[in-house]
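Before anything else, here's the structure in question.
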Amino acid sequence: MNLVKRLKICVFTFALLFIGTAVNAQITNDITHEEAFTALLAAKKNAEDSNVLVNIAVVDAGANLKAFIRMDESYLGSIDVAIKKAKTARYFNMDTGKLGELTQPGGIIYNIELTNNGMVSFPGGLPIKNKDGKIIGAIGVSGGTIEQDRAIATVGAKSILE
Amino acid sequence: MNLVKRLKICVFTFALLFIGTAVNAQITNDITHEEAFTALLAAKKNAEDSNVLVNIAVVDAGANLKAFIRMDESYLGSIDVAIKKAKTARYFNMDTGKLGELTQPGGIIYNIELTNNGMVSFPGGLPIKNKDGKIIGAIGVSGGTIEQDRAIATVGAKSILE
Amino acid sequence: MNLVKRLKICVFTFALLFIGTAVNAQITNDITHEEAFTALLAAKKNAEDSNVLVNIAVVDAGANLKAFIRMDESYLGSIDVAIKKAKTARYFNMDTGKLGELTQPGGIIYNIELTNNGMVSFPGGLPIKNKDGKIIGAIGVSGGTIEQDRAIATVGAKSILE
Amino acid sequence: MNLVKRLKICVFTFALLFIGTAVNAQITNDITHEEAFTALLAAKKNAEDSNVLVNIAVVDAGANLKAFIRMDESYLGSIDVAIKKAKTARYFNMDTGKLGELTQPGGIIYNIELTNNGMVSFPGGLPIKNKDGKIIGAIGVSGGTIEQDRAIATVGAKSILE
């Protein structure tokens, strides 16, 4: 009993020492709704110029939906795909297509798409970075070919830097 | 038996006649993404003028998400509430607040909110009608008081008629 | 056709004007894992001093799980309740017990608990604020009476200011 | 009828005999929250020493969440992956990486990841054993490479024996 008590004290002393290093609150950067709109409209314009019908979703730094639009006649199934692409890109801070290279049969993170309430691992999702290169959100595009989706997402993500 | 046969023939003749007049497939009226954007921006402007931070969602005639925006600093929990308000308004073609009058304990459709993957039965969701009075979609607003949400949704829904 | 085109141009000009007001990126404050740990341990110590067995969850500014502990012999069902209390407190930036005053039968947001994948509207969830009063996360406690849960959560939330 | 009655009596006498030998209820070994914390902190320290940002989850013998921490700047998507790795390791009492060898296309338990509300079948999840070699819980780590995740999880799992 005495030993257990001592152990407990040890664990928590250890824990408290650990906490001792905590000093400054974390300052993060989050996309604004104006930036989200800018990205949405830039992506939409690019889609129209390319004659592609897409759904476009933008999530914030916390992977929560910030802005969305579905172009007329675009796929209904692309609503969820676009949102999940944006979330996935923020969940792992990468191009969703890059993730997909690792999730194939035999890949090192095979079937990771089954986590996080369903993820998308093909192109069309991209992190959005601010001028300092910090990730502040992500964009997801669905409706065209994967190359088209990625190209449109790229235009959207870059638009906030102009 | 003969009677039944005759009856069947009658039914099918009747059905064919019916179909004959339906040669032209059902013509529906669906909100365009331009109209959805118009509603979104009008609602957002009204929210800003009233100093209210809201999430705004627009769904189409099929109750599928068409456009969405979350204003900076508005509630994270309002993302889902705004979308569900818009969907609920289209699911039953009515002001979500009206629905709520019927879903209280003892009400005739008590707890109907549990269906459709979760519905919202307080004000802030409204059908969007075109100039002919046909419902073409719905709008959902969440983040202010229920009176504010309803007022903002009303402005959004009416904006496409102007 | 010409009219539609003009309308489209109008909508987007309007949208772009809107965007014109976007300038500075949003700077947000997010809880650190050291702070989350501090809150967790302070709450746990308070629970032990009060002889209450609880689950304690801390979420970040994006309502994502940051830290969690379940005390031995505490309720299994409280895992999810504690996490949902923390999320709910951040979703609507308020004491979950305050939310509950509005969600009762006849309340203005009756049954809102059905949104956001299930929310909790009784005491035990509280926002966590930094020294400047900005909300940087939330804490949820479940396992004792609602008064005990709220008291323990309060100790946890305040601990990061000491 | 009499025969049936006799048979019933037999069955219950048999059952009672059986229960007689089971007087002592099943004795299980379950991880304590102190041990869970020890594992969490040891894993976290190892991650920091290796400059890896991870999420760490510990589940108990019942595969229920016992402790969790997400290091600052680690992947948001790793919250769920870490928890699912820990659960998977306990669901089948094995290194999640070992499970993955059997779940590939053509494997004997192909796509078993789809069960249990989503499992993870790549390295980073490990059972936690007590000094007698009995499994008392499991640990899941996500955020680094699969080799890093497994190494960190190993340190965490072993820490409770020291």
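The chains carry the letters A, B, C and D, assigned in the order they are written, with residues numbered from 1 in each.
Note that contacts are C-beta pairs under 8 Å (C-beta built on N, C-alpha and C of every residue); 3 or more make two chains touch, one makes a residue touch a chain.
None of these values were measured; they are calculated from a predicted model.
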Original post:
So which chain is the furthest away from chain D, centre to centre on CA atoms?
Top reply: B
Original post:
More C-beta contacts across A-B or across B-C?
Top reply: B-C
Subject >> Gap in Å, rounded to a whole number, between the CA centres of chain D and chain B >> reply: 45
Original post:
How many angstrom between the C-alpha centroids of chain C and chain A?
Top reply: 21
Original post:
Counting in whole Å, what is the centre-to-centre distance of chain B and chain C, each centre being its mean C-alpha position?
Top reply: 29
Original post:
Of all the residues in chain D, which ones touch at least 2 other chains?
Top reply: 37, 72, 76
Original post:
Taking touching chains as linked, do they make an open path (line), a single closed cycle (ring), a hub with spokes (star), an all-linked set (complete), or other?
Top reply: other
**OP:** Would you please name all pairs of chains that touch?
**Re:** A-B, A-C, A-D, B-C, C-D
Original post:
In their shared complex, at which residues does chain A touch chain C?
Top reply: 12, 15-16, 18-19, 21-22, 25-32, 34-35, 37-38, 41, 60-64, 130-131, 136
Original post:
Within the complex, which stretch of chain A touches chain D?
Top reply: 7-8, 11, 14-15, 18, 26, 62-63, 88, 90-93, 105-106, 108-112, 114-117, 119
Original post:
Which residues, counting only chain A, touch chain B once they are in their complex?
Top reply: 32-33, 36-37, 60, 62, 64-72, 76, 79
Subject >> Complex contacts: residues of chain D adjacent to chain A >> reply: 34, 37-38, 41, 44-45, 72, 75-78, 80-81, 84, 100, 103-105, 111, 113-114, 118-122, 145-146
